[in-house]
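Order of writing sets the chain letters: A, B, C, D, E and F. Residues in each chain are counted from 1.
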Amino acid sequence: MLRLSPPNFKRFTQARSFDVIYGGGEANVAVSLANFGLPVEFITRLPNNDLGLACIQYLRQYGVNTEKIIMGGERIGIYFLEVGASARASKVIYDRDNSAIATATPDMFDWEQNFEGVSWFHWTGITPAISQNLADICLDALQVAKSKNITISCDLNYRSKLWKYGKKPIDIMPKLVSFCDIAIGNEEDAEKVLGIKAPAIDVTSGKIDSSKYETVVKEISQKYPNLKYIAITLRGSLSASHNTWSGILYDKKRTYFAPHYDIAYIIDRVGGGDSFAAGLIYGLQNFENTPQKALNFAVASSCLKHTIFGDFNLVSVDEVLKIMKGDLSGRVSR
Amino acid sequence: MLRLSPPNFKRFTQARSFDVIYGGGEANVAVSLANFGLPVEFITRLPNNDLGLACIQYLRQYGVNTEKIIMGGERIGIYFLEVGASARASKVIYDRDNSAIATATPDMFDWEQNFEGVSWFHWTGITPAISQNLADICLDALQVAKSKNITISCDLNYRSKLWKYGKKPIDIMPKLVSFCDIAIGNEEDAEKVLGIKAPAIDVTSGKIDSSKYETVVKEISQKYPNLKYIAITLRGSLSASHNTWSGILYDKKRTYFAPHYDIAYIIDRVGGGDSFAAGLIYGLQNFENTPQKALNFAVASSCLKHTIFGDFNLVSVDEVLKIMKGDLSGRVSR
Amino acid sequence: MLRLSPPNFKRFTQARSFDVIYGGGEANVAVSLANFGLPVEFITRLPNNDLGLACIQYLRQYGVNTEKIIMGGERIGIYFLEVGASARASKVIYDRDNSAIATATPDMFDWEQNFEGVSWFHWTGITPAISQNLADICLDALQVAKSKNITISCDLNYRSKLWKYGKKPIDIMPKLVSFCDIAIGNEEDAEKVLGIKAPAIDVTSGKIDSSKYETVVKEISQKYPNLKYIAITLRGSLSASHNTWSGILYDKKRTYFAPHYDIAYIIDRVGGGDSFAAGLIYGLQNFENTPQKALNFAVASSCLKHTIFGDFNLVSVDEVLKIMKGDLSGRVSR
Amino acid sequence: MLRLSPPNFKRFTQARSFDVIYGGGEANVAVSLANFGLPVEFITRLPNNDLGLACIQYLRQYGVNTEKIIMGGERIGIYFLEVGASARASKVIYDRDNSAIATATPDMFDWEQNFEGVSWFHWTGITPAISQNLADICLDALQVAKSKNITISCDLNYRSKLWKYGKKPIDIMPKLVSFCDIAIGNEEDAEKVLGIKAPAIDVTSGKIDSSKYETVVKEISQKYPNLKYIAITLRGSLSASHNTWSGILYDKKRTYFAPHYDIAYIIDRVGGGDSFAAGLIYGLQNFENTPQKALNFAVASSCLKHTIFGDFNLVSVDEVLKIMKGDLSGRVSR
Amino acid sequence: MLRLSPPNFKRFTQARSFDVIYGGGEANVAVSLANFGLPVEFITRLPNNDLGLACIQYLRQYGVNTEKIIMGGERIGIYFLEVGASARASKVIYDRDNSAIATATPDMFDWEQNFEGVSWFHWTGITPAISQNLADICLDALQVAKSKNITISCDLNYRSKLWKYGKKPIDIMPKLVSFCDIAIGNEEDAEKVLGIKAPAIDVTSGKIDSSKYETVVKEISQKYPNLKYIAITLRGSLSASHNTWSGILYDKKRTYFAPHYDIAYIIDRVGGGDSFAAGLIYGLQNFENTPQKALNFAVASSCLKHTIFGDFNLVSVDEVLKIMKGDLSGRVSR
Amino acid sequence: MLRLSPPNFKRFTQARSFDVIYGGGEANVAVSLANFGLPVEFITRLPNNDLGLACIQYLRQYGVNTEKIIMGGERIGIYFLEVGASARASKVIYDRDNSAIATATPDMFDWEQNFEGVSWFHWTGITPAISQNLADICLDALQVAKSKNITISCDLNYRSKLWKYGKKPIDIMPKLVSFCDIAIGNEEDAEKVLGIKAPAIDVTSGKIDSSKYETVVKEISQKYPNLKYIAITLRGSLSASHNTWSGILYDKKRTYFAPHYDIAYIIDRVGGGDSFAAGLIYGLQNFENTPQKALNFAVASSCLKHTIFGDFNLVSVDEVLKIMKGDLSGRVSR
């Protein structure tokens, strides 16, 4: 997607220019993983015009393989982002109807071929929210992935402004999630996507009680025994400029709790959840028998994301490890 | 429409920001006339979100009355403009499908009320190119305008990338033009919109022979005897940075020829035709018995447009008159 | 007034560009009310040049009616603003002597005509501070407004750098305030403008004790029994980047106290008081029998102002209501 | 003076930022000479605030000695510049009334001390145009300079928008010019300032016939036998973007004619005349017995000025000499 | 190399920001070919820091394979570019000593492996100009390439400011050129690099007589019978803003002459020669038996380069073909 | 040095422009002192090109005398600065090898002449870290300064990335420090430069216990009895955006403790230590018998530095005194 945002905290009506980047849930995960040094392929559909090309180039610079992206369709999806500050919330205007990906049909994707040599598949709940075709495409992909013993991770990613084609997440997502090995969500996703109500918590207080979510992950685990790992991100929203951030991870044996980070000056919070997903995928692959470390890597990684302009988490593994070791001092090394 | 363009002659793929303005054929004419001091109302349909609001505010600052704009629909139409230079042509990517205006229906417009107290109605060939509904809305408006003895002007404005709903201009425009008092076009419009072929002329030579168009206006006049004035704009395209500009006007008695202007360094050529239309409307209203002066005002006005960033021709009557008097020296007054 | 400010927290001596906006006490109130959807007219005097025109266009875009603005005089008033951060205070250099409004004379304003169809008149203590003529013009306006039963509100707005024509506020303001129905001020205004000393309070502590101001409003009320409402804004200044904000309202029966807001990252604090005034005017008109709600609306509204670049409070009624309901989390809705 | 100009050829009404520089006739000459490596002092009066300080720093960076600048007064003079293009002329709005220099009085300047160790004094016709006091200050300075055998040069610099204090140039300038050794002007100055009418010439044609000005310089020479050198700059104005540039010099023996330069893409033409003056001063000092070379240096120098943003001619002697040798190819040296 | 250039035609001493791109002779050719859709690998050495990474990402976005780039060394080479206008030439300050590539040694490059599956090798005369090691590395590469029957093209690219290690081009280049199939140069290269003096031609006249270079290519051909094609680019330098551009090609049978292009407003001329080389390589590969078409493609391609910001020629094959067909009108297609 | 930094908190790999300033340890002190109104000369070596000239102009604008700067050498030293935020630390890439100053030799500096009329000499530990020659130059300067009874201050300024020529700070610095009257450092410098280990303190806690450093300054005092004053700066690093700041001063009789400042939103922390040094030098000169006041001035001065973009502390004495009086409220004066 093309993201257009007024610079310097300006409102939409004040803007005489928009900052231009390209991003979106799955793309953000792909770039983050490529930054961590993993080989990554990203599959989507983009229009065969200069904006589609610009999007491909934008992804490619970070090392994401874009060769399997399908060119076609009428337009690139757009979202307009007004960046908030203090008490003023960020605002998003979606303009993604009839985008190249929204009008994709199952026959465009050859999953047998796409998954050749692939060991991990990540998708998010945004895709099946767009159209029945995309829900079907997801199902196709998941079935093929499963058949090839590919590890599957899913970010539930509930978006209330999507799901306009007559289905609700609860109609679609449970089946798709049943193919997955790892599920990631926040307190809202569990309820809206899987129908599992989280305990009432004041997310605006800045003090999210991680322990209250333990029942949620256990309930999810019971309903979806296929899930080897269930992770919940915990965002405390003190203001648009000041958040806290943490997460928990459940591996069917025990629940792991991450440290809470205080992010007192946020540069860009979009892509925070995606950077958590990427961090977790990296962590589960690289710190295999230490779920605590994988979780901590995911949380530290997304803590850093909040300091980086754009959707993408442009940090290296070393930078994340430094945060994990507790150095948030921001001291210049020289 | 929202116009997004990379700054400083950058290509789409290089842009990390887009300049943001709002504009479009009829809006450009409206703003130009408001700058000339005339009371102007602009009617369109815009989405009820911050981008629709921004567009309204953008028009309103120049004094255009926006109270009759209808709020509704899904999205604002967008066009992406890559500004060319020298041998590299400007590029336009339209993204206007399903815009608020494209999905408008005839019942949304009450022309009896809209035309209360109105003496002049201007429309362009872009509108009926978008959908059958809009072609019908144009017809409605023209019938009501005619019944109220409102003067009607039309810019034929052929756009090859529109007209996608199954009709050709030749199927729709002749009937609509038959309601008009004034028609404006360029050498291509006459052929594509009205089916009247202009003589072959090398527009890239920089030397457009005005006299060759006399037969065109006469032929149009024979086919459309309702037209009191027929104007043709004449653009010589030496490069994306260097154009010549002129025009002719026919009033059923004689043909008037304007001076040729050499515009050796173009700031923004979009809206050039619209500024001609606005200049002509102003001229025909204010220099009534001197068509030559009206034409010269139109050509001088649009010559100035090429020096102004954006779609709108932000010049005053005095500034146009100074050009008409032959002062193109650009000398600073101090 | 034209406001010129170095971008990105730069000092005046570092600036190679200035951000350009137009604003000023009464204009800020006008735009805020227009944003709330009220019909607003703004009266001032501006020079008949491109900067005067730019100022008019700037106001007009937000829906303020500018038709009664008088064109004439030598120059537009200017103020230079250096935006501070943390311990470094913002700095203002006024350059408004001999501005079009400063050289205005009483005969230029026909208040009988200006007030036709008007139900509310707002003015501020900045105007009579500029010249004896402007003090006289204020008196003229107030007398006519009173005779027409127009509701009159006043922001006392003490500015130490003005009042240079030989009079002190205490010589002029009491008489003008005696025409008003609503008076608004901060802790300094009461003393400097009306001669009513507020209790000593450490405004730099970040903890302003609202209750200490109850005696102030009561004393004002006794001296000015014409005032139906008296409001005091309460700003705690922890640093140039971090303020607290609240206010109280007295309606001759009881004192209402608003919540205290913590604004930990300020985008632009100029116009904070004006946005309070506009919020109060809107609130008193729309939540007529609930002064508490009117006050809360005013405080929430100006809390949001601090997050918006420029002098103007570009927020909608809905956005203010959301803050009043306590949602300062800045969560993105999507 | 503070110069404020919309960036990128925008009109005043479009600008949301102004480029900020400091400059003005005599300052421009001072900086140009400092760039040529000469020791230069600049005398003026500036307000004792951050804008006065910024102006001093701006001059000081280029090596101009600012120690004799007098601090005081109310405000810094401002001029707003809208940069034109092609047929659209640049526009200037002066806002210099009551500037620190405009309110200066003769007693503020101790010319005996100011001229200690000075060998050359340059002034322009802008200064005595501002106020009677400044005309008197000029006279004071000239009398002292003369008494000390300092070489005196003057740029006649007629500005129609100044001269508002009741005197015409012809009332003031002839006496002041009678103290000078060198006078510089353009075709308009001779007539407006000295009352010597130049032959009618079409400056918009791009072809200025230098020879027609020979009679002008001779007539000036007869009236002002004190003048050792009289120079006329010749600007052909094809458009705001395209000028030709040349000049002539008369040394009471013969007239020297410079080459004509074609400046087809102008970056900034403000300060063009000042850069000529600086070039001539440098040339007369350094190529003493070759007036032709001095003139050619002046013309080449100001030809380069048109390619440099701002009022100042930031070029070195070597760069000018390269142009004089005829290399206008713009080839990169690498 | 990192290229740093003041924006908007500013001089180095005026700049408070530099535009940042990455480029350099061979990289420019690589990107251009990747834009034409060819698979391209680029080999160099870059420092293992964020600037080296940024350079890799910059190349990778355009589809150039960067996997064989060697990481190491102290610093990235830098060149500072001041963009000229009209009579003011662009200026380059090289700061490339001790760059990662300048300190490379022959053992770092395994040419056998690098050339696996490669069919074409392009290098330029800049590389052996930097150090004896790099001259040796070039020789190594050429020997291996030759042994593998890889087609070899060379841009002679004389840079007077390089060649500082004690050798002259004439000491090094003839041997290296003797391995090549195609040689490209301009009028200066032939003399400085190969010792073949071109006829005296006034390159600043804007009228380069192509025919005069026929003797040059023939002389080169006699000296270097290995060369299947010899191409000369012909730049006429009317000013820094206005060039003409053409070229000739000799295939040992006849000389082909390209059309002359007039580039009246140049956006960025750096990389012009490289875009010619890329165009020729593409043309010789794709229009194999029509050297005239290959030459025309090269010249049209580099004509377009002059309209694009940065070192890279970001154009598609279709865009070049359109220019070749003679459409330089810059007309917007819509 | 030339400092290049991505704007708006962008990462190096995201930057398409760099902000350009010039600065460096000793230059920062010089500019700060010049801002305080003291006459200051700065000595270094800069390349004789436009970047060297730009650096000189940059210093000169602030009133630093640059006449003794030596021109020569190959290049200007560069450092690239990525500005951090919250948990993401700022990053510095030094590119200063072979800079003009790094290749300076002792014979280039005539200290007898340089120190004529000088009463205070300040140097930092950065200089002898660069090369043996520079260590020798420092020693030369110190010996001459001592012989002339010039007061000598030194900022120990340990930089781990320098000291690459085979010596460690402990090999060089003790001898140099033995010439000094005042030494300034932070907790790390004492250990790395002088070999005096400070107590373990958690600098990331935000709560630096000043008293723990009393033993450090006493130990330094015993080792270096020549030092009349020893100062330690105390930075608490809560995050890259949020620091605390204080310092202590020892005058061989007692230890003085400064207030602790909380800097919750940092604009630019580079040059913080240098601004402390400048503040202390000013304070010791102007508040001679009140070391407490000198220390407080130094700490308040550097507290303000954190709010100013760039390396330089562009504040006046009055602004520092206001902070010292405890007004950190950031209230606008108007």
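Quick note on the criterion: a residue touches a chain if its C-beta (ideal position, glycine included) is under 8 Å from a C-beta of that chain, and two chains touch if they have at least 3 such contacts.
In this text, all values refer to a predicted model and were calculated from it rather than measured experimentally.
J.: Where the contacts of chain C and chain D overlap, which chains show up?
T.: Of all the chains present, those in contact with both chain C and chain D are B, F.
J.: For the copies chain D and chain E, give the interface type as same if over half of its residue numbers appear on both sides, and as different if under half do.
T.: Different residues, largely: of all residue numbers at this interface, under half are found in both copies.
J.: Does A-B or A-C have the larger number of C-beta pairs in contact?
T.: The comparison resolves to A-C.
J.: Would you mind checking which chain's C-alpha centre is most distant from the centre of chain C?
T.: The most remote chain is E.
J.: For chain A and chain D, let me know how many angstrom lie between their CA-based centres, rounded off.
T.: Those two chain centres are 62 Å apart.
J.: Measuring centre to centre with CA averages, how many angstrom lie between chain A and chain F?
T.: 44
J.: What positions in chain B touch 2 or more of the other chains?
T.: 7-8, 11, 13, 16, 57, 91, 264-265
J.: When you draw the chains as points and link the ones that touch, which shape shows up: line, ring, star, complete, or other?
T.: Topology of the interface graph: other, matching no listed pattern.
J.: What pairs of chains are touching here?
T.: Every touching chain pair, ordered by label, is A-B, A-C, A-E, A-F, B-C, B-D, B-E, C-D, C-F, D-E, D-F, E-F.
J.: Hey, which residues of chain C end up touching chain F in the complex?
T.: For this pair, the touching residues of chain C are 8-11, 13-14, 84-92, 94, 159-161, 203-204, 237-242, 264-265, 269-270.
J.: Write out the stretch or stretches of chain E touching chain A in their complex.
T.: 57-58, 60-63
J.: In the complex formed with chain B, which residues of chain E make contact?
T.: 7-8, 261, 263-267, 303-304, 306-310, 314-315, 319, 323, 326-334
J.: Write out the stretch or stretches of chain C touching chain D in their complex.
T.: 4, 7, 11-13, 15-21, 49-51, 53-54, 57, 74-75, 78, 80, 82, 91, 93, 95, 97-98
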